[in-house]
Amino acid sequence: MFLPKKILEERLLRILAEDLGQGDVTSALIASEGEFAEASVIAKESGIAGGIEESKILLESLGLEAKQETVDGRNFQKNQTIMKICGDPRIILSSERTVLNIISRMSGITTKTAAMVGKLRKAKLKTKVACTRKAAPGLLYFDKKAVVLGGGDTHRLHLDDMILIKNNHITVAGGIKQAVERAKEYASFSRKIEVEVTSVKEALTAASLGVDVIMFDNFRAEEVEKAVQSVRKSGFDRVILEASGGITSENLLSFASTGVDVVSLGELTAHVRGLDVSLKIVKIDNLKKK
Amino acid sequence: MFLPKKILEERLLRILAEDLGQGDVTSALIASEGEFAEASVIAKESGIAGGIEESKILLESLGLEAKQETVDGRNFQKNQTIMKICGDPRIILSSERTVLNIISRMSGITTKTAAMVGKLRKAKLKTKVACTRKAAPGLLYFDKKAVVLGGGDTHRLHLDDMILIKNNHITVAGGIKQAVERAKEYASFSRKIEVEVTSVKEALTAASLGVDVIMFDNFRAEEVEKAVQSVRKSGFDRVILEASGGITSENLLSFASTGVDVVSLGELTAHVRGLDVSLKIVKIDNLKKK
Amino acid sequence: MFLPKKILEERLLRILAEDLGQGDVTSALIASEGEFAEASVIAKESGIAGGIEESKILLESLGLEAKQETVDGRNFQKNQTIMKICGDPRIILSSERTVLNIISRMSGITTKTAAMVGKLRKAKLKTKVACTRKAAPGLLYFDKKAVVLGGGDTHRLHLDDMILIKNNHITVAGGIKQAVERAKEYASFSRKIEVEVTSVKEALTAASLGVDVIMFDNFRAEEVEKAVQSVRKSGFDRVILEASGGITSENLLSFASTGVDVVSLGELTAHVRGLDVSLKIVKIDNLKKK
Amino acid sequence: MFLPKKILEERLLRILAEDLGQGDVTSALIASEGEFAEASVIAKESGIAGGIEESKILLESLGLEAKQETVDGRNFQKNQTIMKICGDPRIILSSERTVLNIISRMSGITTKTAAMVGKLRKAKLKTKVACTRKAAPGLLYFDKKAVVLGGGDTHRLHLDDMILIKNNHITVAGGIKQAVERAKEYASFSRKIEVEVTSVKEALTAASLGVDVIMFDNFRAEEVEKAVQSVRKSGFDRVILEASGGITSENLLSFASTGVDVVSLGELTAHVRGLDVSLKIVKIDNLKKK
Amino acid sequence: MFLPKKILEERLLRILAEDLGQGDVTSALIASEGEFAEASVIAKESGIAGGIEESKILLESLGLEAKQETVDGRNFQKNQTIMKICGDPRIILSSERTVLNIISRMSGITTKTAAMVGKLRKAKLKTKVACTRKAAPGLLYFDKKAVVLGGGDTHRLHLDDMILIKNNHITVAGGIKQAVERAKEYASFSRKIEVEVTSVKEALTAASLGVDVIMFDNFRAEEVEKAVQSVRKSGFDRVILEASGGITSENLLSFASTGVDVVSLGELTAHVRGLDVSLKIVKIDNLKKK
Amino acid sequence: MFLPKKILEERLLRILAEDLGQGDVTSALIASEGEFAEASVIAKESGIAGGIEESKILLESLGLEAKQETVDGRNFQKNQTIMKICGDPRIILSSERTVLNIISRMSGITTKTAAMVGKLRKAKLKTKVACTRKAAPGLLYFDKKAVVLGGGDTHRLHLDDMILIKNNHITVAGGIKQAVERAKEYASFSRKIEVEVTSVKEALTAASLGVDVIMFDNFRAEEVEKAVQSVRKSGFDRVILEASGGITSENLLSFASTGVDVVSLGELTAHVRGLDVSLKIVKIDNLKKK
């Protein structure tokens, strides 16, 4: 999930531009050309960093100096300075909220993901924790990158990278067999094929058709366990098994201990509590007066 | 906060385009030209609708027929159908997640806002409930529109529509007096001037300088109450008073009953729990076979 | 009205791109890689500078060195060099016309605005001189910034920053009372409300409804004077009063001396006489030959 | 100069988007969904129409019905209705200023151009009246189209459509001969070559090198006359002769009667007086109430 | 590989816009408003259709009626009409070349791909024929869609849909083992992992590490055959085997008969011979004269 | 045909962005921050360079160091290094294919054009070799620039730079005379007028109407020769004569020796064989480990 700075920069500037509109009317009045400020981005609660790289790219593209005091994916404590910024105070103030919104949301997702992954690892489970495409509109890239920083799995990045046959596709195709057969025949060899199933019977059908991944959709944890056993007992050793639907931080362990390879949770990116971060101007100089 | 369809359409298509990438590889394999489907968007939990208008605009721009079964701002119940969609199943399936993400996030914000406003109205308080600019990156328009649908106040839409002098501005200007005087002298007559204060003394200074709005930033509720009384007793009847910082659904009433005109909460748009909505294909026809 | 360089750069490059099309066919033939030129931007008539900052941003983004010999908002004389540019002559020649068009239009607006403001200040009047939204299509930002440089007031930057109820809105609402009441009830507390009135009676209605600004639209100067007196005598001390419609440089003083706080003129941005500026290559070197 | 509607639409929507920002806050409050309005665009002074086609394209793309009551290039009288618009009043009010700005500027240019062309035709002169690239930044297309509607010549549309060797190019090339020879050797056969000259001698040099057009730059009218005679007497019958620089509506005839084929004037697009046009809501209905 | 019309339309209009620049100066002069034309797109040589859908989308978005006389992927003969177009002749003429370029290139790719696939099927081989990312710059979508229409496999659509470890990646990682292990550990479960190998030994290493696809890069056909046998004999039944590098229409069969599952050829999209298609106006009417 | 770097950069980044999608998933896994690589772009066959400048601009905009080892338009040999690149290996690997595709296509066109021009010069013919607008969709700029690098003529860059009356235009106008007369009357003096003719008679008509260029469309070589003689004998010395349609590398000389000034060939840009170029990582360092 690597994008060169220049490409990310363009996406970040578009986000900033929405906030700027015809320009920051307050900063224009308060500060004037030739001033120089130093600012700190401070965590107001502990968590795991996300969005530091994106913020640095945005700030540097605006002509500011941005020094990261931590690294994406690493813990920070309450009141810790996570970034220092120097330059024209008008630009710092105009981009402050955009930068904080990026760090806040991404760190919120990273922290939540890491907590879930940590819970499984502590229970000695290797199950992958994946997000879904239930992200904020237009923020698939940023939301999924934050999941990766927290140790999670991106699942599909968007609609072009995997064949994922869901219930509605099965309805359209006229059955799971028809759907999978069409996919097997026409899909590129370069892609995996995953199927969403609603019963053990469908799971076995899918496995026998040679799909790469089977998703147990909206099964209860104990149903997932039985389904996993049925599939494995039937000799389908290599098919990847995923549980999805209704999984939350509360019931995560029960689903993860069913033997599935992956648990996926919409809430990682759809129920987001942005971390509290703030920016403080710590020094101000008028270069012209000197 | 009115944007013509055509302008919204462009923003919505850009959101969809991120999810599509080089195209939906699954739908392309499963459905084929000449098919026709009907689908329902169903609420999986009760709430207040947001994003219905945006979804309709997006779906219609894609050539689908979209009939809204409820109206933005209105209650819906669990399992209620909130929208019906007809047309090419490949387009329905390709836009499904984008549409659901929009409705889910916006309805989540609308529902939360309406709950807060409702709590105040029930307590016979007229205090306005405003959001801030702590939105998801790039989603200021959609997040703030959802707040309006829930009966909330948008506060600033972005950086160009009001002079809002925050702590950092005061630091840069060298004091609250200097900051407000610069703003009074240079700001357009068409804009209000608001100042963030951290003490009663600052509030009185700001009021005497003739600002339009004073924001008590990170005061405890009882401190807000005292500050309101000081300002009003000093004869500043017309200045609008806002409390902000640390206000949550839990302590909302205590802040709102201090006599302030506005309470503003970052969490309305920064801690969002997307409502659970899903799309179901309910009918499928092959036009060519007929 | 502050936009970071990077955001302005994007708008300026789009303007340049229109002029370039598939490229400057003349400069490509005449100059070749490895040449170095120095050029001067020269005022062919006196005026007040506008567009210098924008030109510098554009030129530097193209890889040229641009040194401003004056500052936006300052006077320049006929034949004065206002900017020096160094670098690849092909880039200088390709961007010459775009740079001159920006400086010419913006300086034209700045100069005209400053003349009007100067006339009022000389008559010891503090009345603000505001422009309107009657700008060249797509140039609201640049036109309004030029007005500010000349000491004028931007009025609304665009449609999202103030409630301005005009005649057509009143027609749609069914009356001035209905219109203002809807606005008072639903508008965000962060915005001012202005109403356009066509009679003293309407002005008094608007004032009693608590609007922030009243615009006397297409009144003759003596009518404005009477209206101002009526409003003030009725005790409405704080409402801002604006005269608009039919005001020109000729009758400016008569309107400004009526007691209004603001006079606004469409002609500031709709009747623009670009100042005459030119660019001259003053030195040319072939780096490769050395 | 033909662009399909769909391409123009995109340019026009971008212009509208600047004015809309996050949306028209006034119209959103005043009008509501389900209303229907009729409006007239009325000329407040006489002139020749420009921008009617562009306005119609923009309005229709927004979902409004737009009926033109005149045609671009035709005369209209004071108080004449030049366009009728029907539809959602919120959309009419949100696009009103953009539409009026387009018609105002383009009609201003068309009217001025037609007056100049008319003056020459009345004097039985066939001299072409051309504009230059001294347009408002980013408005080359619209400004030049308005010139065409007034009977003028576009000259270059932008930098890619003709070889025009100006003084600065000659400086860079090291002389008029070197410049023209390079152009003759390397320019595509599909393009004309024009040279700006500052003396009769240079004109004869250019003519003998076989350029297609010679521009007499900043000559006085009597100098142009002599130069024309010298070139023609020397047997250069086919080269097109253009006078440019310092030509205004006042001295137009003296330049045009020198025998040149073309006179070009920066002021056609750089000194623009927008015509006064306004929009009036003439009827309003609430469809839902019926 | 499905994109809704509206999304494709945007890509197609951007292609057209490059050709239009400031507008089609010829069509503007020749045709005038109110005319109506019918045109046929005619194949000047036989082939297999590609780009018909894209052309139809573009033409309809421009307001023309476009009727396809064949379907993408189907054979057409020399002189066959493949599309009929009706509407404003200025729009037909302005978009003619863009439409022909799209059909010509895509049909060229489709025809070439189909010929190769046909050759293999005739020899009773089931080997897939895949293209690579060696497409014309910016045309990955269109080039790969044309390959699919000819019965080929898209391989990766772009860089985000599969892990493909090439020689350079192995150099960076420090060895094939390190590279694959990193990929196995960090890649999403949703993606296949392919490795490029340069020897049988590397192939066996890759297979034993559990990759999904092995690419024999720049092997001679007989080397491929031996490598396939080694891998299969070693019990790696499920790994997909691909031959790539130096494969052309001439030696295709020898590579395809080695037992590999996929042969991939850069030349499908990098050596393109556009099919000869032309557009002829067959009828012209002046609606106004009637 | 000169575009400043910054403008080209934007076009090049858009091409790269298509390939990147949500990011390069392979390079992200293999390389990590803090590594440094050196790479060489190597020609796998001899040819004439094109696209070196574009590649350098793209690579530098991404933050890489790019040193060109040859110059556009110059010969290179098989196995010659034509460019060296240093920097973050993730960025090198993510942009590798885009850079190679640009160099491959442009060098392919440059090499082919140079071969044709060379053949004519060797035969002592001065005939210009021009391309047409039969380019890859959206690549007019790059394809035509490559033709220029090979010594060819661009012909029209797009639709706005010359009046070219083709058969379809003549059909619409109702005859060659009508078409040319309309063009002569309404076209700007700044543009040449070319007409496509299908017989000697039409050629003479066009010449007598004073067009600048006559194109013999789909004439056999001997017919072209007769037509040239007819036109010249009739005293039309200055009209430029072009042969087009059915000209290939095989019959090029026969057409070029007919006396025409220009031969134009669609195949220069429509039948492109991309040259074989590759990129090799030659050194890799981990900066952090040092």
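We just call them A, B, C, D, E and F in the order they show up, numbering each chain from 1.
Assume a residue touches a chain if its C-beta (ideal position, glycine included) is under 8 Å from a C-beta of that chain, and two chains touch if they have at least 3 such contacts.
Not measured: the values here are computed from a predicted model.
Peer 1: Which chains, if any, touch chain D and chain F both?
Peer 2: A, B, C, E
Peer 1: Give me the fewest steps it takes to get from chain A to chain D if each step has to go to a chain it touches.
Peer 2: 1
Peer 1: Determine, among D-F, A-C or A-D, the equivalent of interface A-F; equivalence here requires over half of the contact pairs to be the same by residue number.
Peer 2: A-C
Peer 1: With centres defined as the mean C-alpha position, give me the chain C-chain E separation in Å.
Peer 2: Their C-alpha centroids are separated by 51 Å.
Peer 1: Please compute the C-alpha centroid of chain B, do the same for chain C, then give the distance between them in whole Å.
Peer 2: 32
Peer 1: Measuring from the mean C-alpha position of chain D to the mean C-alpha position of chain E, what distance in angstrom results?
Peer 2: 43
Peer 1: Among all residues of chain C, which ones touch two or more of the remaining chains?
Peer 2: Within chain C, the residues that touch at least two other chains are 1, 20-25, 27, 94, 140-141, 157-158, 160-162, 188, 191.
Peer 1: Would you identify the shape of the chain contact graph, picking one of line, ring, star, complete or other?
Peer 2: complete
Peer 1: Going by the contact rule set out above, which residues of chain C touch chain F in the complex?
Peer 2: 13, 16-17, 20-25, 27-28, 61-63, 90-91, 94-95
Peer 1: Where on chain A is chain B touching in the complex?
Peer 2: 14-15, 18-27, 29-31, 35, 37, 39, 89, 93-94, 96-98, 100-102, 104-105, 133-142, 157-169, 171-174, 179, 182-183, 186-188, 191, 266, 270-274, 279-281, 284
Peer 1: For chain C, which residues are in contact with chain E within the complex?
Peer 2: 21-22
Peer 1: Enumerate the contact residues on chain C facing chain B in the complex.
Peer 2: Against chain B, the touching part of chain C is residues 1, 128, 130, 153-158, 160-162, 188-192, 194, 212-213, 238, 240, 242, 261-262.
Peer 1: Taking the touch rule as given, give the residues of chain B at its contact with chain D in the complex, in rising order.
Peer 2: For chain B paired with chain D, touching residues are 1-7, 10, 140-141, 144, 157-158, 160-161.
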